[in-house]
Amino acid sequence: MSRRPDWLCALALVLLLAALVLPVGRDEAGAAYWSGQGPVIIGLAAACVLAGWAALTRPQGLAAGLTLAVAVVLGAAGPLALLGAGLTLETEAPGLWLVVVALVCLTWRALQLLAGTAPNRLVHDVLVPALFGLWLLYLWEVVVGGFAIPRVLLPGPSQIGRVIAASADVLAQDFRQTFLKSVLTGFALGSGSGFLVAILIDRSPFLQRGLLPLGALVSAIPIVGIAPIMVMWFGFDWQSKVAVIVVMTFFPMLVNALAGLHAAGDMERDLMRSYAASYWQTLLRLRLPNALPFIFNALKINSTLSLIGAIVAEFFGTPILGMGFRISTEVGRMNIEMVWATIAVAAVAGSLFYAVLALGERALTFWHPSYRQ
Amino acid sequence: QDKLTLQLKWVTQAQFAGYYVAKDKGFYKDEKLDVTIKPGGPDIAPPQVAAGGGADVIIDWMPAALASREKGVPLVNIAQIYKRSGMMLTCRKDSGIKTPADFKGRTLGVWFAGNEYPFLSWMDKLGLKTSGANPDIKVLKQGFNVDPLLQKQADCISTMTYNEYWQVIDAGIKPDQLLVFKYEDQGVATLEDGFYTTEAKLKDPAMADRLARFVRATAKGWDYAVKNQAEAVKIVLNNDATGAQKANHQTRMMSEVAKLVADQPKGIGYLEPADYERTVATLLGGKSDPVITKKPVGAWTHQIIDAAMKK
Amino acid sequence: MTLLRSWREGYALPLATVLLVLLVIWYAAAVWLNAPQVISIVFSDKPDWTLRELVDATWSMERPVLPAPHQVAIELYESVFEQEITSRRSLAYHTLVTASSTVLGFALGIVLGVLLAVGIVHVRTLDRSLLPWIIASQTIPILAIAPMIIVVLGNAGFTGLLPKAIISMYLCFFPVAIGMIKGLRSPDPLQLDLMRTYSASPAQVFWKLHSPASVPFLFASLKVAIGISLVGAIVGELPTGGQEGIGARLLSGSYYGQTVQIWAALVMAALLGMVLVALVGLAERLTLQRMGARP
Amino acid sequence: MTAPDARTAAIDIRKLSLTYHTADAPVLALSDVDLRVQRGEFVSFIGPSGCGKTTLMRVIANLVEPTDGSITVNGMSPEQARLQRAYGYVFQAPALYPWRTVRRNLTLPLEIMGMAKAERRARAEKYLALVGLQGFENKFPWQLSGGMQQRVSIARALGFEPDLLLMDEPFGALDEITRDHLNEHLLRLWERTRVTVIFVTHSISEAVFLSNRIVVMSPRPGRILEVIDSDLPPDRTLDVRETAAFLKIAHRVRVALRAGHSYDD
Amino acid sequence: MTAPDARTAAIDIRKLSLTYHTADAPVLALSDVDLRVQRGEFVSFIGPSGCGKTTLMRVIANLVEPTDGSITVNGMSPEQARLQRAYGYVFQAPALYPWRTVRRNLTLPLEIMGMAKAERRARAEKYLALVGLQGFENKFPWQLSGGMQQRVSIARALGFEPDLLLMDEPFGALDEITRDHLNEHLLRLWERTRVTVIFVTHSISEAVFLSNRIVVMSPRPGRILEVIDSDLPPDRTLDVRETAAFLKIAHRVRVALRAGHSYDD
């Protein structure tokens, strides 16, 4: 373990110290300083001490990473307190922005330490991305607040969070309409029919050669064009959304499933042939298992496509609920927080959907080389 | 020349003929203005553009502007272009609807994105619930066109006197197969196309001067458009970037729009405080789902129009 | 003889057959879907219509629910060949507008995707912390925030091509980044060890090993990305329905109930997509050929 | 099935030729091959890379059709033989299915043939023991070393007890010691069961050690250059490789091989 | 560089051990290895699969750090030796870059070392001729047979004329005839240049044929079981393999190997 100082932490320390003597905003009385901001100065001092400690001793490992993360949290309270203090910030607050830059440095080092620890699913797959995500939200909040960006252009995460809490019932209603009714049904129908057709035309190279280029053509059609037509054909309610999703998800599944069915190696097939196995035996015992990674690939693509499809289709006509409806109407009502709240719900739902599929994939295709160490 | 940006509420069409005419005929230039007209679209919210500084003046409907004002965008009406409302509900006769009382249990198409406020207060006035567990009427978020009526997915849809109504007619339905309820006649009319700008801009004397010249030239533009409708339509078509507008439709729109602009003895753009009060009363009338919760203060000014009239 | 075989084993015959079947279904569907309106509106004062008249009427409506194929073909022909290419009424003009923002967005997406991939492959912290959020970013319905992007960028003075290109970029950087990450990680340990035995510098390892190894993966994702980029450009044209591009045509067609125009724009979008994918495929073939790929 | 006294030959190949039709020029892989293998024989094929050994195996297994000439397997056409599941084929690579455990890989052909579950399990036990892999039943293929995988593949082919065993370089990927070990095992097994074995190898000493007869093939187009008989004692062990008799046969094979080899592979 | 008279040894390994730390249990790959190789020697390593031969090579090449013990290469630490580009490494597989032509694969190390273009081309000509691949300069790797690819890889390692050549089963993937052919070539080359060669093989006869000294290793954890000297005539040809002297050494190697082998790979 070398004892050269850690320049990144040293830089953070210097920035923090410099910030302590610079103004952090302006009120009627003139420039304000950290010293006048009450107890948050203690957090900043603690962050300084920890940054100095890290700069000098170059600590390694999980504990050090967590300690630096704590330093960041302690320091981060300062800028947040300023946002609510009624000061003019923007360019009047170099002390505020220096602290933010210093915290960026410290966060980076903390993430580096955590990411570099011994393999650990909890730390690497959950803790590090979660910290990073929280950090992005924090920066968003500070920048939006600090630069006084109009709420109707971009609200901060805290405002969005408040709206999520206050409108939970409306969001839940929209979620039920869009996700549970449209997305899940459309996803199941589109992926399912794509898979069935793949099995059906698997034995006909003729149909495959006819249908696959057509698939390329259809996937080149932007869904936004299909949505108004489907609304016209299938009405306003969730049925037309399902139709849009089916059109969008059918071909990715067809193409992937066909590729997967043909992915078995020559030798693996010859083995089945040498056993004089029937078509269905070969399908069930060789080709379907072999196609699973491809099928999951399509399912993952389809999960994001179907969410997008449902929301877009709702732009073109819907009963007065649903996530797409909410987004498009609340923009008109200047209720931008509600728009972002709905987007947040969509993103969380989409990520969870994706994660569930990824876990399923891991469980069913555990044998695939990409999952082996 | 002073630069000025105008954000429209919708795509280029005869609804906005006056502005295009003023630009093309050089009325703005005469006032030493270099005006940029930004077309809108279904998902462009003009107040958002104004809040972000993307436009100096926007065209919007008063309900939406007042709602935005409550949401923290300090919009002020500086001129009211349309005297009357062109909104109506168009129903098929074969649906059996004869009076607004028959709406109960029906499916009605409504535009959202800020256009739904007058409808909601109308339904409130009729005592019909539009949301909640057991709504009295089924509301559809009406899309971009009149298909729901043609395909009988809705019993009535929202139309403008100058636009969608004629699309229904073009689709082959005869006027006598239709029944229209004009918002004007139902006493729920609210003010439509007007100029709005932000309080900050109004405080700047240079900008206020620019706006006054703009309003003056615009009035001239509308006056010219109403008097030379064929030429105005041609100008609109020339400015349509999509190339999708049809001359016959725009001609009809021009003549309908002319009726909405007409009849302003104090000059085009003069906001009658009484009209404003009526709009506010209608909006505040909504009990279940109020559009605005309290009487707005400072939401309009005659400062600009007065300056414009002076010269 | 070979011609016969290529006809039998190639794509021409199957594709033609499938297309023919599709065409028949399409015509039938046009009758099926349009008949109710024809009966209730066109024939409302002509109750003694015959089937023949009904079919004719459903295939020639001005505002059909589903236009017949020949109507779309005629509309395409008229709007492409019977207009000046610079005219706003020319579909070719709008296609060019969309194509240019697609290409710009595609280029931006490549740059962003490649930069992210290089960062993620070389910086472990980025790999652990950023990658999950890149996946999450794609679950945000871009279509929902497209209008806001257009407005915000418009306020910052960017109008026209750039805002649309940014939306394209947001959609298409993802496949590029994912493919590139795969590609940059594709060299096997042996190929890396070889570089180590030469004590090559990190830059040399990158330029002589990682980047050439990633090229096939990059092209595979580019073919996906260009299609997505087109969708992005069209989505970017929707909120400002009053301006140019295929998206604007779709929207105005939809707004004025001109179904035929919508379908023509749709077909045009699909054709544009195919041409763009084919161009990327061509670039792929040429590049990989120069890099010694098997034919 | 003890002695090569059966009336029909296990394999009878006459004037067999095979041309692969590829995009550019057709490839003549086998030309005018004549060969007769008695039941219970152990015949090795040796020849330079690309000379058509695998192709010949695949013709026997009815995985590819000859262009010309005739062939019978156990007196039937290769297709009939395949449909009767008359042979077990060990490919050059293990060709195990990664999603099946060792046991379920082994019972795959038995499942396809419709054998009852209890019997399948018993068979699996028996043949896993034979190749020394007891205790690995529930492992997945990728959890085994290359040599162990190859042994699973051999056990799978033996498991349904075919009359005819086709083995294409089964030990190619193994180190010399493991290979020696398996060579001895295979020889013992063959002595016990006297199935017919067709064996492809690149190793001269392996061929000499295992076989009754060694077929030396020429480079493309594959022809039979020479068939060399071997009469080493049946109960030979690996030490036989240092005897003069062994070396003499090995030398004959080497000379025959070199005669046909062109050196520029 | 003609005779092994240099003051420092080419390689000096003392009490070297290496443990791989894996997710589950640590793997002791090398244990207490002691070895000294003089400049100009040809030393072969032989041992069962997984015994640590490759690991030892990689330690010498500074591709992995030993856990314990010391090692010098040409009197320096392996890292210094690597940074001075003191050795050429031929991996078990050809490890050619598929997007580079034969010539550009050959000049890759020269490019990295910053050699001028004209000189690089000259070197490439020379070493391609040495391995008999003139005329293939502009082919891509997949257009060559396995043996030709391996020869390119050998030419690449020779091309920058290192003092020390590390070769890890370079002929493992070739058929016996081609292998013999390349064995003879390598021997001639070594006689001419007298570079130090460290050579890993699974083939006893290859080891005996090529080397001065044969190091026999035990199964994991890799230890040196025996070091066997070979004193076959320097101008030997392949026929030497049938002489008694050869067979005696080969037998000694085989016995040593078998002693350490546990049979369950």
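As written, the chain order gives the labels A, B, C, D and E, with residue 1 at the start of each chain.
The criterion applied here is as follows: a contact is a pair of C-beta atoms (placed from the backbone, for glycine too) under 8 Å apart; a residue touches a chain by one contact, two chains touch by 3 or more.
Keep in mind it's a predicted model, so treat the numbers as computed, not measured.
Peer 1: Spell out the chains that contact chain A while also contacting chain E.
Peer 2: In this structure, the chains that contact chain E and also chain A are C, D.
Peer 1: Count how many hops through touching chains it takes, at the least, to reach chain E starting from chain B.
Peer 2: Step count on the best path from chain B to chain E: 2.
Peer 1: Please state whether A-D or B-C has more C-beta contact pairs across its interface.
Peer 2: B-C
Peer 1: For chain A and chain C, let me know how many angstrom lie between their CA-based centres, rounded off.
Peer 2: Taking the average C-alpha coordinate of chain A and of chain C, the gap between them is 23 Å.
Peer 1: Quick check: how many Å separate the C-alpha centres of chain B and chain D?
Peer 2: Whole-Å distance between the two chain centres: 86.
Peer 1: Go ahead and note the Å separation of the Cα centroids belonging to chain D and chain E.
Peer 2: Computed from C-alpha means, the inter-chain centre distance equals 33 Å.
Peer 1: Would you mind pulling out the distance in Å between where the CA atoms of chain A average out and where those of chain B do?
Peer 2: 39
Peer 1: Where in chain C do residues touch at least two different other chains?
Peer 2: In chain C, the residues touching two or more other chains are 65, 147-148, 151-152, 155, 238, 254.
Peer 1: By residue number and range, which residues of chain A touch two or more other chains?
Peer 2: 153, 228, 232, 315-316, 328, 331, 336
Peer 1: Using the touch definition from the top, which residues of chain D touch two or more other chains?
Peer 2: Within chain D, no residue touches at least two other chains.
Peer 1: Per the contact definition, I'd like the list of chain D residues that touch chain A in the complex.
Peer 2: 58, 61-63, 82-85, 87-89, 91, 93, 95, 97-99, 108-109, 111-113, 140, 142
Peer 1: Note which residues of chain C are touching chain B in the complex, please.
Peer 2: 36-37, 41-42, 62-63, 65, 87-90, 93-94, 146-148, 150-152, 154-155, 159, 238-244, 248-249, 251-258, 261
Peer 1: Applying the document's contact rule, which stretches of chain C touch chain A when the two form their complex?
Peer 2: Against chain A, chain C makes touches at 10-11, 13-19, 22, 33, 65-66, 124-125, 127-133, 135-136, 138-145, 147-148, 151-152, 155, 227, 230-231, 234-235, 238, 247, 250, 254, 259, 262, 265-266, 269-274, 277.
Peer 1: Along chain E, where are the residues that touch chain D in the complex?
Peer 2: Listed in rising order, the residues of chain E that touch chain D are 48-50, 132, 145-148, 174-178, 181, 202-204, 242, 247, 251, 257-258, 261, 263-265.
Peer 1: Under the touch definition given earlier, write down the residues of chain B that touch chain C in their complex.
Peer 2: Answer in residue numbers: 8, 10-12, 38-45, 48-49, 52-54, 143-147, 150-151, 167, 170-173, 240-246, 249.
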